[in-house]
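Going in written order, the chains are labelled A, B, C and D, and every chain counts its residues from 1.
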Amino acid sequence: MASADNGMNGDGSTSVERVGIFALSGATKRFGGVVAVDGVDFDLLEGEVHALVGENGAGKSTLMKMVGGVHAPDEGSVEVGGEAVSFASPGEAEGAGIAMIPQELDLFPELTIAENLFVGRKRPRTRWGGMDWKTMKEEARRSLGSMGVSLDVGATVKQLSTANRQIVAIARALLGDAKAVIMDEPTASLTEREAEKLFEVIADLTASGVGVVYISHRLEEVFRISDRITVMRDGRHIKTAPTSDLDSDELVRLMVGRELKELFSRSRHETGDIALETRGLTREGEFEDVDLTVRRGEVVGLAGLIGAGRTELAQTLFGLHKADAGEIRIDGEAVKSLSPQKAMEKGIFYVPEERKSQGLISPFPISANITLSILDRICRMGFVKRGRERETAERFAASLSIRGAGMDDPVSRLSGGNQQKVVLAKSLAREPSVLLLDEPTRGVDVGAKSEIYRLIDDLAGEGKAVLLISSELEEILSMSDRIVVMREGKVSGEFERSEADQEKIMAAATGTKAGQTAEVREERT
Amino acid sequence: MSGASTTTTATEHSDGPLKRFLTRPEAPALIFLAALVVVLSVVADGFLGASNFEGILSQVVVIGIIALAVNQVVLSGEIDISTGSMLGLCAMASGTVAVAGGGLLFTLLAGVAVGALAGAVNGFLVTVARIPAIIVTLGMLYALRGVLLLVTGGTWVTGVPAEARVLGIGSVFGVSLPIIVLFALFIVMELVNRHSDWGRNVLAVGGNRRAAMLAGLPSRRVRFWAFVLVGAAVGIASVIYIGRAGSVQTNAGTGLELQVIAAVVIGGTSIAGGRGSTLAALTGAVLIGVILNGMVLLGIPGVWQDAVLGALILLAVSTDVLRRKLLGDKA
Amino acid sequence: MSQYTETSRGFLSRIKFSRELVLLGVLIVIVIAMSLLSPVFLTLGNLLNTSRYFVEIGLISLGMTLIIITAGIDLSVGSNMALVSVVVGFSFLGGVPLPLAIVLGVVAGLAAGVFNGLFVTMLDLHPLVVTLGTFAMFRGLAYGFSDADAVSSFPAWFAYFGQAYFGPIPGQLIVFVIAVAVVWLILSRTRFGRYVYAIGHNEEAARFSGVPVERVKLAIYAGTGLLVGLASVIYISRVSTARGDAGLGLELDVIAAVVLGGASIYGGKGTIAGTVLGVLIIATLRNGLLLAGVPSTWQLFLLGVLLLVAVFLNEFFRKEEG
Amino acid sequence: GAGVGEAPDEGGGEGEQGGSGEGGANSICMMPKLVGIPYFNAAEEGANEAAEELGVDLTYDGPTEALAAEQVRRIEQFTQQQCDAISVAANDPDALAPAMTQAGEAGTATSAWDADVAEDSREVFVNQATFEAIGQTLVDIMAEQTGGEGEFLVVTGSLTAPNQNSWIEEMEAHMEAEYPDMSIAEILPGEEDLQLGIDVTTDYLRANPDTAGVFGITTVALPGAAEAVQQLGREGEVAVTGLSTPNEMRPYVESGTVEEFALWNPVDLGYLAVHVANAQVEGNLPDSGTFEAGRLGEVEMLAEDEVLLGPPDVYSSENIDDFDF
């Protein structure tokens, strides 16, 4: 971990000797009427980490897609190694040494991990011309190993959790001999532990002269690993500066274009009755014997590593899966077989972690997405009341300040952060009494994040019970009244806000210092 | 059938052979096939015998060969329901050449050329003109039958000479030649799928077309050749067809397209693309052959045969549910 | 946000606009071409008469549209039609009063739809696979129950369903127009319709949003079965025979009409207006070619080619790449 | 829906110049069960021959698949075109009845050939051979080859074809009366698909090796049955006969798999049908006795509404080369 810091925070002087890998100049990209990127200059040097930051929809991904061969710039030029290029496909960019880990993961669910790494690449061949599966697997294992992960490379990708898919996507980009690696929010679905591994990998890469573009909304990461930072806002280039010349407040101000008071907003509220309670809830192979309570007006944080079973638990509470054993009580009343419809009747709502595949109907207009879960309330005799629908959608879109497109535009037009707000708006429109939030700020910019945090606080203030699943420790620590930690499907620790700190949670999540966590648990019972 | 299982991809994973087997797409169909064979051996006289097995296999050769190719199209995320009319057209072409004394080679060439051409039209319309495959091949189902009727004016080809019928009724070392052709093509397809870039790309394109494009795969070219392959396979099948039948009628192959699709999907290849195997197509074809044969042996009245066939197809695909249960709802 | 209010013309209005307009253009071109080829074609009598042939396909296409929007398919509709025919015909022959026999038939169609729906939802099998099975099964049941015989001794009043005219208008055309209006309302105006599109675009997200995915799908397959029942009664009455080979090959015509109408087999896309245009285009082609005295062998070929051309134009003018 | 109404059907007040109309030649619209098969091509040949002779205007068209619903559509079409006579080979007697009745009401002369429609919906049926004659001929051929005993398989075109079912009834009746040791053990459909015909025959003969003979009673079923027997190498052991065309059967007659088979002459049938239709239009079709039909000479009126072509022909290696259809 320590190595991540070594020699990475380049000061201006070292970058002088470095050679440019690629450069964009005056790059402009329009989608219909929207100017996503507007005359931006950007360059990457050998052996540096160049962070690219900005609010959701600032144009970061679009800018990098122009280097990665996904989009061709409408204006401006792309140069690689000093020569102007125009890539027709990401494959060509890869051939020129530019690898990209896209924000929206695109893997082949039915293919094995090993094979996913080799799609579109030259596959190794045996002497007699057949495919050399052994070598492919070895290389795959090696590539994953460098991330400190050991997965069965013969398993299909569809069996993997989101986090592991992210790791496979990273491994895929690292497999070739890339001169530049573009990472578009690689840590969005990683927990801190895997993120640390990634930083080690990045350090190794830069040490061998590879340049890394690092896009992230986690600013502390940006400060830790980058040499230079470029800020974008509304598609325009705002500033490029050595990391050492910037501080956090300054960066946020550049990104948002105004002062941002406080990221986390959390006030104490009176907690009320128990709204949601589980007793010995078990689903084989996913989680076991989970006791959990969430009171009205309380925010309970649920922490854990990848595959700890938090998502499964939350989805079971929403009736998407059936529990094998145990009991779920809502407002003190035990509920038998739950379905999402029934859970919604009981006032529970779940905000999924994967917004693209689980949260949104992408081609639907924004308004239809927001009202999808409350159609029963805005219908008369089954007919949708357009006026009510419109009014409701606009109210919630405004209260979450969803920006970037009109109510009738497909939600796919929005940037990631604004899409996430639509998912949240959908859940708020339902006016649930128990809200299960699964990674609600994944891939969301600081501005939007602080709005979401304020929203969570407001919800608790209104007496709602909130279960907050998050892999960002800081978020969990700052937002929760109480923190429950899961490990390998079991509850491995529970802390009041006052007694919790980063170390204790990590210990409970990883199983080190088991004695200590056990003690904590006993205290509480 | 034993030939099939030995040539299957030796699964390279070591852990839990049963579970590994169950995750294979063709597993449910194989299990069902095995169960059916056991049941029929007990209840149907004359089922358990080398000559009957050979009979079943030779009856599924035409469907089987076409299914092996359509399997590739389905794996690539497309569909081809024009094979019935295509078979009619190819059989008419190869039959005409055969009757004109073209010998086996030219007969085969004629069938394959006509098939590949029709397949190329399908492929062109799907990948270049971007018309959905189900519409293209539906249109071609009508159009090719129309071409056939127009070209022949409704006359049938009869009296195909013996030398051109070898592929249909010949035998080598006591094994009938069409069966050998079927298994040879099965092995070829298995090798293509495992060891050629095209074979792997078919799976990738079918599994996630967007990702395939981002990974720089030539998605159109991959799918185009899958359609051409179907045409070529139909061409080969047509020579077996005229070999077995000895003559060709203008309605040859009517309804074949659905049987072929049935074979592919019952075998376990996912109609959504990206998931499946060569063995699945073969298993599906054999399964249909066994069902049809079993019904005749059991003396099920002709009027009820479709009902039994349909029910058994449903039963066969429901085996997949059992598999999913066993694997704990994943996959 | 309020500046967008003006542009709103309704749900998914923009995409619909261009698509259906192109189809309408195709239809007009065909109508003009056909009336040049045959003077009889563009007469009210002929047009109304033609309508008698597409009503059965049209009715079933309405249900199929919803199925295809949810990324499903139903290959069994033709066989289901045979089943309904046989149930009506043979229960009548067996002594059941005809009105009751008709009800029994429609119920059989509904039951067949429910059967499909249950397999698709409860066992989570792909609809193509399920209906490929029922495609064979329903037809087999029809042959089995009827022992491959036909019934045609229906009383005269039964002809009403398929042969009656109200003034110049064939009775079944009125049934069709009503059915179109109802299904159109359901699909474009109701919660149910919204669910149908949501499932088609992203079934998982729909489920996560609390959409009762299974119930909606079941209802769609059942509803299609019901429409098949209705269409069958009209069909039996029109040809005054109930027999196991009714509806042979019907499924392909229905699917062709729906997909021509712009529904995407990948789900999410499709409208009732499009489907009706698709039905009209195919019916017009068939009738026009027949009237123009084009030999049947040519008709088959031209139908295939024109179908491709129409879809190609449709795709070509499509604004957005899905 | 559109509004104003003339009568929309009823032969078409507005079908101005659909047919060739009065004054000119008679127009005869003739429909086979389906187009694109040699049998009906042969019939067309005969029909054309007669049309030329008589100077009538002949339209010969039908569906590409043997579907009754498709025929209904065409009959209504013919009616709109104001044909003077319509003659159909019906895929379903009852399904075509309403359309034929309507045509008759519109003043068109109606008749059926090859396969009848419901009696009261047409004026005349041109019968190629009686069910009885066919059933007896086939059974007699088979009895001669098998010594009048054994169990037999019948391969039909489709289980729903009424004329085929009637033949089978007559065959059974004839066996019962004349050859009590012969019986039909199974009836299997070949669905007019050659390959399927071969397959069902093969399967059946494997399962029932004692079968004495196979009847293939359509032009597709018979060659299928013959091919199956040949492929099983059981020529001579399993007798094969049935109904098919000489061209189709030539290889099997030459190889000896099939000794004799039967069929009426489809060219003559088409020829006769046009003569009858023309006589209807001219109003000179007799009620009984015989009817003068061109080169066929006098043909028998079986009833006032039924004309008979004659007994079926029996083909064997002796005479098969005299025919080309």
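Definition applied: a contact is a pair of C-beta atoms (placed from the backbone, for glycine too) under 8 Å apart; a residue touches a chain by one contact, two chains touch by 3 or more.
As the structure is a prediction and not an experimental result, all values here were calculated from the model.
S.K.: Could you quickly compare C-D and A-B and let me know which has more C-beta contacts?
M.R.: By the number of C-beta pairs in contact, the winner is C-D.
S.K.: On a C-alpha centroid basis, what's the spacing between subunit B and subunit D, in Å?
M.R.: Chain centroid spacing, subunit B to subunit D, equals 35 Å.
S.K.: Can you work out the whole-Å distance between the CA centroids of subunit A and subunit C?
M.R.: 44
S.K.: Where does subunit A touch two or more other chains at once, residue-wise?
M.R.: In subunit A, no residue touches two or more other chains.
S.K.: Could you list which residues of subunit B touch at least two other chains?
M.R.: In subunit B, residues 145-146, 149, 154, 270, 302-303 touch at least two other chains, as defined above.
S.K.: Among the residues of subunit C, which ones contact at least 2 other chains?
M.R.: Counting only residues that touch two or more other chains, subunit C contributes 143, 148, 244, 297, 299-300.
S.K.: Pairwise, which chains touch?
M.R.: Once each pair is checked, the touching ones are A-B, A-C, B-C, B-D, C-D.
S.K.: Help me check something: in the complex, which residues belonging to subunit B touch subunit D?
M.R.: Subunit B residues touching subunit D: 45-46, 51-52, 55, 59, 62, 145-146, 149, 152-156, 158-159, 169, 241, 244-252, 254-255, 292-293, 296-297, 299, 302-303.
S.K.: Flag every residue of subunit A that touches subunit C in the complex, lowest number first.
M.R.: Residues of subunit A touching subunit C: 320, 339-341, 343-344, 349-350, 352, 357-365, 368, 372-373, 375-376, 379, 382-384, 386, 390, 394, 397-398, 406-409, 426, 430.
S.K.: Touching residues of subunit C toward subunit B in the complex: what are they?
M.R.: 75, 119, 123-126, 128-130, 132-141, 143-144, 146-148, 244, 252, 255-256, 259-260, 264-265, 297-305, 307-308, 311-312, 315
S.K.: Given the complex with subunit D, which residues does subunit C contribute to the contact?
M.R.: These residues of subunit C touch subunit D: 39-40, 43-49, 53, 143, 148-150, 152, 159, 163, 165, 167-170, 173-174, 177, 235, 238-241, 243-246, 248-249, 290-291, 293, 295-297, 299-300.
S.K.: Report the residues of subunit B in contact with subunit C in the complex, numbered from low to high.
M.R.: 125, 129-132, 134-136, 138-147, 149-150, 154, 258, 261-262, 265-266, 270-272, 301-311, 313-314, 317-318, 320-321, 324
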